[in-house]
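One chain, chain A, links the two complexes that follow: it is found with chain B in the first and with chain C in the second.
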Partner chain A sequence: MEFGPNLIIALIEGSVQAAVLTLIAVGLSLVFGVMRVVNVAHGEFFMLGAVLAWAVASFVGGHPAVSFILALIIAPLLVGILAAAADILILKRINYDPENTIVATIGILYIIQQMTLITYGPDARPVEPPFNHRFSIPWFEYTEQGYSMYWPWGLGTTSYKLFVVAAAVAVIVLLWLAISRTKAGLMMRATQLDRDMAQSFGIPVDRVNAIVFGVGAALAALGAVLIVPIQQAHYLMGGEPLLLAFIVVIIGGLGSLPGTIVAAVFIGLSDGIISIFFAPTLAKILSTLLVAFVLIFRPQGLFGKAVR
Partner chain B sequence: MTDYLKKKQSRRQVLGTLGAGALSASAISSMPGFVRYSQAQTSEPIKLGLQVHRTGIGAAYGRWYSRTTEAAAKFINDNGGINGRPVQVITEDDATDPKRGAEVVEKFESEHKCDVVFGTLFSHVVAGSAPRAGELKQPYFIVSEGTQLAAGGLNRYVMQPGITDVKSQVQSMAPFISKNLGKKVTMVFPDFAFGHDHRDFFSEAIAKQGGEVIAKIAIPPTESSFTKYFPQIPRETEVLYHVMVGPAVLTFVKELGEFFGSSSPAIFGFLDSLEAVDMASPGLEFLEGSYFWEGNPRYAQENQTEYDKFYRNAVGVDENGASVSDANDISTYSHMFGCWETMNIIKAGMEASGYKDVNDRSKLIEAVEAMTTIPASNAHPQGDKIFNGKTHQVFGHQYITQVKNSKLVLAHTTSIEDTFYPDAVDYTTQSF
Partner chain C sequence: MRAGENRVWLLHIAVVLVILALHFVLPPYHHGILARVMVLAILAMGYNFAFGYTGLLSLGHALFFGAGMYAMGLGITGLGLSPGIAVLFAIVCSVLVSAIIGSLALRTAGVSLMIVTLMFAQAGWYLILYFGEITRGDEGFVIPQAQRLVAGIDLADSNNRYLIALILFAIVLFTTLKLVRSSFGKALVAIRENEERAKMLGYNVFAYKLGAIIVSGTISGLAGAAYGLLFGYVGATFASVQYSILPLLWVLLGGASTILGPFVGTLFMTYLIDISSEFTEAYLLVAGVILVLLTLFARQGIVGEVKKRFAPWLP
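Our next item is the complex of A and B:
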């Protein structure tokens, strides 16, 4: 395939990955920013979102669009409630001690993963997309008669993939508005800036924590509901997104939402482009290398503020 | 027993019991416990350890390998067991992980005291487990398709009498592909030993037919999204050869269809790419008319043998290859017959060698090595086979089916001779 059409496919594939990665990484970053909790179980909340989407689709039946819309509401909600409960029952009781929370979230990771294995089973199960049309993309080439349009072999995508990108952008914009324009967002930002001060001004910090942990997990679940019609729901699917989300969050700066979004788009797109022009493994090697350099030369991340 | 004596009985009581026993030996021998042990070699069950991919990326295969094995055990027990002794299957999960595989082999030996171990599929798990089985001098019957055994990479304790290997499979596919589909082939395969066997042996075989492999695209078996690999497929490709394993195979084939749209080259796949997946799944319509290798045809064919009918019924698979109790639970029909046939080989080998206990393991291996022709029967429903005692590998018919109305219809059956290749090893020269 020629360079131009190849680049278009790389950009489309990269955008889909970047879109979902942004949702997952923003959830992770939000939790760290407000609560200072490194949530190792984040990938399992993602997996749970995908599995719940399958469960909703198989119990509701009917047209895929109906079950998909239901899954978009139910899966993040349930995962969010579960995460909030985990915060109240576990993380709060260990006083958000940094080392203990890491161990506790590793425990949550295994509990969720193994419970899924016991109940849902080890199979990968597909969820039907609400709509899915393949369309070819034209390209231009220079011939003796000047530029002419043609349809390159293999250059195409599906309507659902474009929808995933649009949906992720919409969710991020809504989240941005919620954080910057609502009272709840103000409370979150206050807690992030100074916990003790926020508490003395009457902000229910405990409740803010539970809600933030729930929202963070719900964002990961939402990303999973969007991606599961393209991939499949499987109990081990949480591992790779967790790794990528950590890469994104470290590069962008832990706790910095703009940094996370920029880094997610960068990592997602570069993964797509490097995968297509070179090899997918090289993409992982390079992004991990980038993390190493960021940690050495700019530990607070590209957009983060230096730790006080 | 000794723990029991130490804890519960005084020395005097023990001596008393033993004395009473000595005085009335006949009475003791009629006690149930003693009867059992005096006949240990004839009525104790034969323990077969099933190393199975219950979890991890091979789980769909594992589920059906278990079911087939249970059905085969029932078939053997209903027909008098092995040497008159019942067969007991002990199952352990290897999580489709090589390290765990070796631990499971160890566990079968030390904890379960199994007579033989069998059933491993994924070639990297075989590679991890086989050396340990050799060290433990434990007969290890694989149902894996990997060519590593026949290539001489394993040891005398490892045998594959129930399923053919990749080299013979792909070699017999090459003439069909070059004659009917095209000469310029692009291969897409999983990036581990099994996929490398496909890559190496098919490239060799198609070159002999005057064709060539113009691109080789390796994909990690844990990958979850595939479109990014497909632009490497050259435009002049005449035949796309695909074989994929792992939990995401359906995604793989769907994305392949989305990539090509309406202008795809001829497609030839190994059914591994769609094992345990419904052929009528949305997104697979583009496969209509394409060809598949099958180890054993999933859909009951027009010329279905009585043996296949019997075996299908015994395992609980309907004529579409799905579980009789759940039409959405699609079997791994192209591979799982290997478990059924391997167990029947173990039975035949144990009976030929007069196997009694683990001390007869080398006699069992020699008895299997002595096997040659294996005629089709209820015990071997996939078809006739020829076992090569030197390479420990069986050879058999291969099936090519075509997708018609979302079903796989038999298009060609290879001869056994099509699958032969020169021996690369003689395991019988290795000492036990």
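Our next item is the complex of A and C:
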């Protein structure tokens, strides 16, 4: 294929990546923004979402659409409850001390990952998409007879991939509305701004923390349910999205939701494009170094404004 | 004071002598494990110097461990250096790498420092994978036995391996003991406890922290070089994030900012994983549970608890 069609493919694959990455990173960013907690176990909540989607699909059976809708509800809910429990049982007890929290979430990471290995096993398992129509995309080329349209081999996508992008956009819009328009969102923002002041105004800060931690994990699980028909569920799948989400959250500015979304689209697309035209490893080297240098020289993030 | 000083040195000399005595009595299996534990404890001691004594939470020590290991390994197989020179080469490389990483990463602190070190280490790991033609990537490469002769001593022999691991372990143990009791080490603890105050007292905090990272990174690099040389294998796994998390785990378990803690933690953890891997392939579950329990109930670690309850004089 030539450059043009290749670029289109890269853009489509990149936007699917970017959509799911946005969900994961927004979850991570939300938790950091409100609770000041760096959740190293975030990738494992993503992985649990994928494994639960597989479990629902194989337990329910029937048409893949039925189990897909069930998984969309059950997986984020269960993962959210598990995360909230981890917050209450572990993180709250160590008073969210930054360094201890990192150590504790590393521990939670291993516990979730290894428990999955024991129960689910080491295999990668596919989940059938609820619908999957392939269609090709035409391409225009200048020939001797002027412009002509043709369908290059391999240039195409599936309806499900487009659905993933649309679903992620819808979830982000809903989340945005929930944060900016509802009372719960107001409580959350108050906690984010000043925890002690919020507490003295009668906001149950402990409960807000548990819910935010749960919602953050549920967003990652939701992203996993969406992506698992394209990828596969595997107990080690949490590592890479965690790293990418970290990169996104830092480049977008720690704790800033708009910055996170912009950065997720930017990183998701550029990762897709660089991976198609260059070696994927090179893309990883560049993006990890970018993060390190952003944190060193521009700690508010590339898109964030200076705070404090 | 004088008596206390003697007590400290006697204790650590006794530990080294006990390990030496074990050389003659341990069955081969445990003999092999202890040799490995000693080399990994060097990594943990290096990590402890930055994390325990200076309060710098790094998640990037796999980079230093890997740098030392690859500098040694590629020095032998690629540049044709003799093992002794290759280890010196690895030390020089570790000093350079830790000086560069330190001078960049130390512009940040706390959580940012952890993420920056993690990112540099990941970049290093990806670099090893990217240059797979030279480094053999994930697969790694073996250092042939013929190239593991130092002054006629065959490092592939398990007895020699144990004794050389013990010598290196003892050197690092006494060096760190000396360092943390020097004015340099005391300044590091002062910075950990209250950086602003140390600054106000006129200490160049950045220079001290950089010094701590260089010492820490160099010791970790030496551990990497020793591991590769003694066990004859160099691979990308040793530069992966797992080898940044493990030293943190060992140090926390044994007791941060104690001299014997890293060794005790490495020993306990190695045996815990060894025992649990007989029952399940999910042996890292033990690591996870211990990390969580440590943060919840035993913030001081094993040696730290002993120090707190019975022996406040432990360094």
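Following the convention adopted for this analysis, the second predicted complex is superposed on the first by the 302 of 308 C-alpha atoms of A that agree within 3 Å, B and C clash if a C-alpha of one lies under 4 Å from a C-alpha of the other, contacts with A are read in each partner's own complex, and residues count from 1 in each chain.
The rule we apply is simple: a contact is a pair of C-beta atoms (placed from the backbone, for glycine too) under 8 Å apart; a residue touches a chain by one contact, two chains touch by 3 or more.
None of these values were measured; they are calculated from a predicted model.
Asks: Could you say whether A:99 touches chain B, chain C, both of them, or neither, answering first, second, both or neither?
Replies: In the superposed model, A:99 contacts chain C only, not chain B.
Asks: Tell me which partner A:117 touches in the superposition: chain B (first), chain C (second), both or neither.
Replies: In the superposed model, A:117 contacts both chain B and chain C.
Asks: Which partner chains sit in contact with A:134 here, chain B, chain C, both or neither? Use first/second/both/neither.
Replies: First partner only, chain B.
Asks: Once the shared chain is lined up, is A:288 touching chain B (first), chain C (second), both, or neither of them?
Replies: Touch status of A:288: second partner only.
Asks: After superposition on the shared chain, which partner residues are touched by A:272: those of chain B (first), chain C (second), both, or neither?
Replies: Only chain B is touched by A:272; chain C is not.
Asks: Identify the residues of chain A that lie in both the chain B contact region and the chain C contact region.
Replies: Looking at chain A, the two contact sets intersect at 117, 122, 281.
Asks: Show which residues of chain B lie in contact with chain A when the two form their complex.
Replies: It is residues 54-57, 59-60, 62-63, 220, 223-225, 227-233, 235, 247-248, 250-251, 258-261, 263, 276, 281-283 of chain B that touch chain A.
Asks: Touching residues of chain C toward chain A in the complex: what are they?
Replies: Listed in rising order, the residues of chain C that touch chain A are 57, 59, 104-105, 107-108, 110-112, 114-116, 118-120, 122-123, 126-127, 129-130, 241, 245, 248, 252, 280-285, 287-296, 299.
Asks: What does chain A use to touch chain C in their complex?
Replies: 38, 90, 93-94, 98-100, 102-104, 106-115, 117-118, 122, 239, 243, 246-247, 250, 279, 281-282, 284-285, 288-289, 291-292, 295-297, 299
Asks: Write out the stretch or stretches of chain A touching chain B in their complex.
Replies: Checking each residue of chain A against chain B gives 1, 5-6, 9-10, 13, 17, 117, 121-124, 126, 128, 132, 134, 136, 153-154, 156-158, 230-232, 234, 236-237, 240, 272, 275-276, 280-281.
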